[in-house]
Amino acid sequence: MDAATLQTFTSPVILFFVLGMLAAFARSELAVPEALAKGMSLYLMAAIGLKGGVAVSKSGVDTTVALALLAGIGASFLMPLIAFAVLRGFGKLDQLNAGAVAAHYGSVSVVTFVTAVEIYEIRGTPPGGFMVAVMAAMETPAILTGLLLARRAIAKDEGAAKRPAGELLHEVFFNASVVLLLGAFAIGVIGGASGFADVAPFFEAGFKGVLCLFLLDMGLIAARRLMDARAMTLRLAVIAIALPLLNGALGTLLGTGIGLDIGSTAALGVLCASASYIAVPAAMRLALPQADPGIYLTMSLSVTFPFNILINIGLIGALANNLASG
Amino acid sequence: MDAATLQTFTSPVILFFVLGMLAAFARSELAVPEALAKGMSLYLMAAIGLKGGVAVSKSGVDTTVALALLAGIGASFLMPLIAFAVLRGFGKLDQLNAGAVAAHYGSVSVVTFVTAVEIYEIRGTPPGGFMVAVMAAMETPAILTGLLLARRAIAKDEGAAKRPAGELLHEVFFNASVVLLLGAFAIGVIGGASGFADVAPFFEAGFKGVLCLFLLDMGLIAARRLMDARAMTLRLAVIAIALPLLNGALGTLLGTGIGLDIGSTAALGVLCASASYIAVPAAMRLALPQADPGIYLTMSLSVTFPFNILINIGLIGALANNLASG
Amino acid sequence: MDAATLQTFTSPVILFFVLGMLAAFARSELAVPEALAKGMSLYLMAAIGLKGGVAVSKSGVDTTVALALLAGIGASFLMPLIAFAVLRGFGKLDQLNAGAVAAHYGSVSVVTFVTAVEIYEIRGTPPGGFMVAVMAAMETPAILTGLLLARRAIAKDEGAAKRPAGELLHEVFFNASVVLLLGAFAIGVIGGASGFADVAPFFEAGFKGVLCLFLLDMGLIAARRLMDARAMTLRLAVIAIALPLLNGALGTLLGTGIGLDIGSTAALGVLCASASYIAVPAAMRLALPQADPGIYLTMSLSVTFPFNILINIGLIGALANNLASG
Amino acid sequence: MIETVIRKRIEILADTALVRRVTSAIDRAGITGWTVTPVQSGKGREGHWREERVMGTDKVFVLTIAPQEKAMALAEDLAPILSSHGLLLTMWDIEVIRGERF
Amino acid sequence: MIETVIRKRIEILADTALVRRVTSAIDRAGITGWTVTPVQSGKGREGHWREERVMGTDKVFVLTIAPQEKAMALAEDLAPILSSHGLLLTMWDIEVIRGERF
Amino acid sequence: MIETVIRKRIEILADTALVRRVTSAIDRAGITGWTVTPVQSGKGREGHWREERVMGTDKVFVLTIAPQEKAMALAEDLAPILSSHGLLLTMWDIEVIRGERF
C-alpha cells in the first residue's frame, strides 16, 4: 500500500464510513434521523453544484468540456447494455429486474463522486469543475435505457399500463437531484467567485464535515441492508464488484482518449464505476414498481458503493496516473 | 437596471429562491424535509436576534432607537386598518377573512427583513442593529388589530366562544418567534461582542448559506401553493402587490421623517411592506380557525413574499436613497 | 460572584439554556424539531470524540491517562451504590426505581461535560483530551450496577423474564452514544491533527453555536418536564441536588489524588456529578420497562442537569483550583 | 384465553395550533389519555396542503380510546366546532385487553 | 344527541413515489379528500426496510373516508395493481358526524 | 366485483426501545409482516410526554394485519407484559383484498 492509499485510510471521511459499517455489523442502534440525512444529501448536492459552476465560470467552456459531456452522456446510455447482458447471463436475473439494476449501474452516485474528488484533491490531481455538469448529465440517460430493456416485462402487466408515459419522462428530467445539481451549477456560473464568496463558509468550509456524518449514515444503512438481504445471490454480489471494475476501467480509458487531465479522467472513471442509489431507486419505484428493491438497492448501495469508496476510487486514480504517464 | 440591482440578481441568496420557484413550477418533486426547514427558520431567527443584540450592545440606545420602536409599533397597529379597508372594498372579502389577512400585512416577515439586510449591506447602507428589536416589536400588534377587525364575525360563532381569551393573548405575546428573536437579542446585548466571538463561526459565517437553502425551500412552497390556489382571485393578487408597494413607501417616509439613517429607513420600509407567514398564520389557526388559510397564506407567502424579495426590496432601497439625498 | 462566574453567565451557551427554561416556564410553544435535536446530539458526540482523539494522538498515552480511565470506570461502578442507599432511605423509593435512578447518577451526561470544557477553557484550565475517553468509559458500568441493584424487583416479574440477557448486555456495550463517542475518538487518534484539519471548520468552528441551540432545546424540555412532573417529591428533588454536590466533590478529590491537572480534575468531578439523560434512559426502557421515566428523567434532566450547568460546574472548578493550590 | 372488551377509538384530525383545544376536551370528558401522531399532507374541500410546518399551519391526528358513553360525550362536546375549526372526527369499535384502563 | 352515519375508512400503504397514483385514483372515485401520514419502517414478504428516505424508497399511509359505494369503486380501481405495486389496502366501517362531507 | 376477506388489525403503542420485542412476538406468531409509524406525544396515567427522541424514550405504533387466530395468539403472547412494559394494544376487524397474503 503506497503512501497515498494509506492517507486515504486515515481520512476522517473514509473512517466515518467504516465506523458506520462496523456499528451496523455489531447491531448497534446508532442511527441518523432520516430528515437530517435527507437534508445532508441536499446540502452535498447544492454545494458540489455550486463549486462546479464557480469553477466553470472561471475556466470557461471549451471543446474538452463538450467532449466530456458527450462522453458521459454516451456512457450513461450504453453502460446499461453491458450490465443487462451480464445480469441476464451470469446473474440469472429476469428481464424486469435486470433492466432495473442496469439503470442503476449506468447512472451515477453523487456521494461516490464527491468522495473521489476529496481524495484526488489530497493527491494533487483535482478534477475539473465541469465534471459536476458531466455528473448531472449522466444521471438520467441510463434510466431510459434501463426501462427500454425491461419494456417487454412491463408490457405484460396490465396494472402498470395505467401509468402515463408523461409522468415518467417528467420524473426522469425533473428528478429532484438533477434539478438541484444543475440549478446550483447554474447559480455558481451566474454568481461566479464573487457571488460564491459570501456563501463559501457554509458550502465549502462545512463540506467535509457534513460528508463525514453523511457517510457514517450511509455506512450504517448499507451494512444493515446487506445483513437483511434475502434476494441477493453470490452471483449478484460478484457482478456488483465486477461492474464497477469494468466500467471504471472503460471510463478511465475514455477520459484519457478524449484528452482529459488526470483528475478529470479519474473522475469520469469513478462516475462510470459508480451506481446510483438516490435518483434511480426512486424513479424505479415509480416506473417499475414490480422490480425488487431488495436486488437493486442491495447491489448498488451495499456492495458497489462501499467497494468504490474503499478500494475502487484508489484503483481508478492509479490507472489514470499510469495511462497519463505511460 | 443599475449595477446594484444586477448584483442582487447574481446573489446566490436570490438565485436559490428563484431556483425553488422554477423547480416547483416545473412540478419537480424537490423538497426540503420539514424538520430541517423549521430548524433553519429557528437558526435564522436566533442568528439575526444575536447580531442585532451585539450591535446594540456596541452602539447603545438613544432617542432614534426609541423613535424607531415607537414608529414600528404604531405602524403595526395601524397598517391593518388600511389593509382591511382595501380587502373589504376592492377585494370583496368578508369581514372574517379580511381581518385575518389584514393581521398578516400589519405584521412582518423575518426572512424578507433578513434578505433585505443582506442586500443593503452589499450596497453599502447596512441598517442599524436595533432594527431587529423593531422587527420583533412589530410582529404582534397587528394580530390584535386584525382580531378586533374580525370580531363581529367571531361573535356570531358559538363554538369559538369556548376559546379562552387568555390563551389567545398568551399565544400573541409568547409566540415562538417573538420569544426566540427577543431572547437571542437579549443574549446578544448581555454577551456583547466578546460573548458573540465564540459562536460567530456558527451564527455568522453560516448565515448566508443557510439563508440560501431556506429560500430554496420557501420558493418551492410559495410556488406550489400558488399553483394549488383555489380561493385566490385576481383582485386579491392585485392587493397582494399593491399593499407592499403602499406600506413600503409609507414606512420609508416614516423612517426618513424620524431621522433614521438610509439603511435603517429602508429596513423600516421593508418591515412595513412585508407580510408575516410564520408567526401570524399559526396565531390565526388558533384565534380565527374559520378564516381560510388558502387566502391569507397564498397572498402573503406566494405573492407578496416573492414580490418583496425580487423587486420591492430594491425599490424601497432606491426610495430611501432618494429621500436622503433629495 | 467572581469575574469568572460572571463570565459564565454572559456566555451565550449558558444564556440559551436559560432562555429555553424561561420560554418553557412561560408556556411558549417554542420547540426545536426532534429530528434536528437528535442530529445535534450526534454532532456534539462526534465532535467531542474527534477532538479528544486528536488531542491524545498528540499527547500520547501515559500512566496518568490509564489512572484516569481506571478511576472513572471505578467511580461509575461504585457511585450507584451511594445513590441507591440515599434513594431507598431518604428518598423512600422502591428497589426497582431506586436501581434505575442510581444507574443514571453513576453514568455521565455528555452535554454537561461539553459545557464544562467550554467554561474551563475560558478560565484557562482546559481539561486533557483523554478525558473524552474517560467519559465514554464511564457511560456503561453504572448501568450494570443499577440493574444488579434492581434485580430482585425484576425477578418477581414474569413478563420481563422473557427478556434475553444477551440483548441487554449488547445494548449496554453497543449503545449508540458509546459507539459514536469511541468511534469518533478512534478516528481522531488515527487521523491525528492533519486528518482533523479538513473537518475542523465543521466540527470545531460550529461547535459552540450548535451547543447553544442544543442547550436552548434542553432548557425547554427540562423545564416542561418539571412542570408536568407528577411522580417527583421534594425529597427526590433534594437528592437530585445533593448527589451532584457529593459525587462532584468525590470526583474532584479522586482526580487530585491521582495527580491529574486542574482542568482534568475538574472534568472528572463534573463527570461524577453529572447524571445521564441520553444513554441510560433508553437502556432503562429496554432493561427495566417497569421503572418510571417520570422519576429518573425528571431527576436527571430537569433538576440535576440545570443545577450542574448553572451552578455546580462553577463550584467544582473552584474546588479543583483550591485543591491544586492548597 | 385472554378476555377483551369493546371500547371506542376516536381519531381527530386537527391543526397543530388547535391540539390543546382537542386534548382539553378529551380531559373534560374524563378519558384517561390520548396520543398524537404526525400527518404529512392532505386534500379536502379547502384544497391541498403540505409542507406547512414552517408556517405552523400543519395538522396532526389525536387519537383516544374510551368507553362508549365517554366517547359520545367527547363527540357531543366537539360537534359544534367541527366545521368551524376544520376538524375531522372518525370513530369505531375496537377490542382492548386491559379494559379497566380505559 | 348527535347523529352519526357509517362510512368506510380505507388505508393504503404505498411507496412515496407512488402516492400520486393512489391519490389520483381517490380523486377519480369522486371521494372528497385524503390524508397522508408518515411510516418509519416495516417487514413483509419482501423483507425488512427502514431509513430509506434518502433513497426515496420509503413508504407512507394514504387514508381516505368515503361512502360504501365510492370506497368499493376505489378498491376495484386499485385491485389490479395492488400486488404489482406492493400496495397494502385495508378498510373498515367507521362512524362520522358530519356525514354530508364525505 | 372484487372479493374481500376479514382479518384483524392490531396496533400496539410501544417505547422505541421495546419495538424489537414486539416485532419478535409478531414473527413468533407466524404473522407475515408489520409496519412501524411514528408518534409525537401523548398523555396517560403516567403523565404527559413529548420531545423525548433525544432521550430515546419516545414511542411508536407497530401495526400488523393477521388472521383471527394468529392475532389472538399474538395478543395472548403479549398480554403478560402489557402492563409492566406500558404497551397499549387495540385490535379490530378489517377487510382486505388479497386475503392469501395475510
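First chain written, first letter: the chains are A, B, C, D, E and F, and each begins at residue 1.
Note that in this section a residue touches a chain if its C-beta (ideal position, glycine included) is under 8 Å from a C-beta of that chain, and two chains touch if they have at least 3 such contacts.
These numbers were taken from a predicted model, which means no experiment stands behind them.
Path length between chain C and chain D in the touching-chain graph (shortest route): 2. Distance between Cα centroids is largest for the pairing of chain A with D. Computed from the mean C-alpha positions, the centre of chain C lies at a distance of 34 Å from the centre of chain F. Chain B and chain C have Cα centroids lying 40 Å from one another. Each of residues 37-38, 50, 53, 92 in chain D touches at least two other chains. Among the residues of chain A, those touching two or more other chains are numbered 31, 33-36, 38, 176, 201, 205-206. Interface residues of chain C, counted against chain B in their complex, comprise 10-13, 15-16, 19, 22-23, 26-36, 118, 201, 205-210, 212-213, 216. Against chain F, in their complex, chain D makes its touches with residues 1-2, 4, 7, 9, 23, 32-38, 60, 65, 92-98, 101.
Those residues of chain A whose C-beta lies close enough to touch chain B in the complex are 33-36, 38-39, 42-43, 46, 50, 170-171, 174-176, 179-180, 183-184, 186-187, 190-192, 195-196, 198-199, 201-203, 205-206. Across the interface of their complex, chain B is touched by residues 15-18, 20-21, 46-58, 80-81, 84-86 of chain D. In the complex of the two chains, the chain A residues touching chain E come out as 31, 34-35, 37-38, 41, 157-160, 162-163, 167, 176, 217-218, 220-221, 224, 228-231, 277-279, 281-283, 285-286, 289-290, 292-294, 297, 301.
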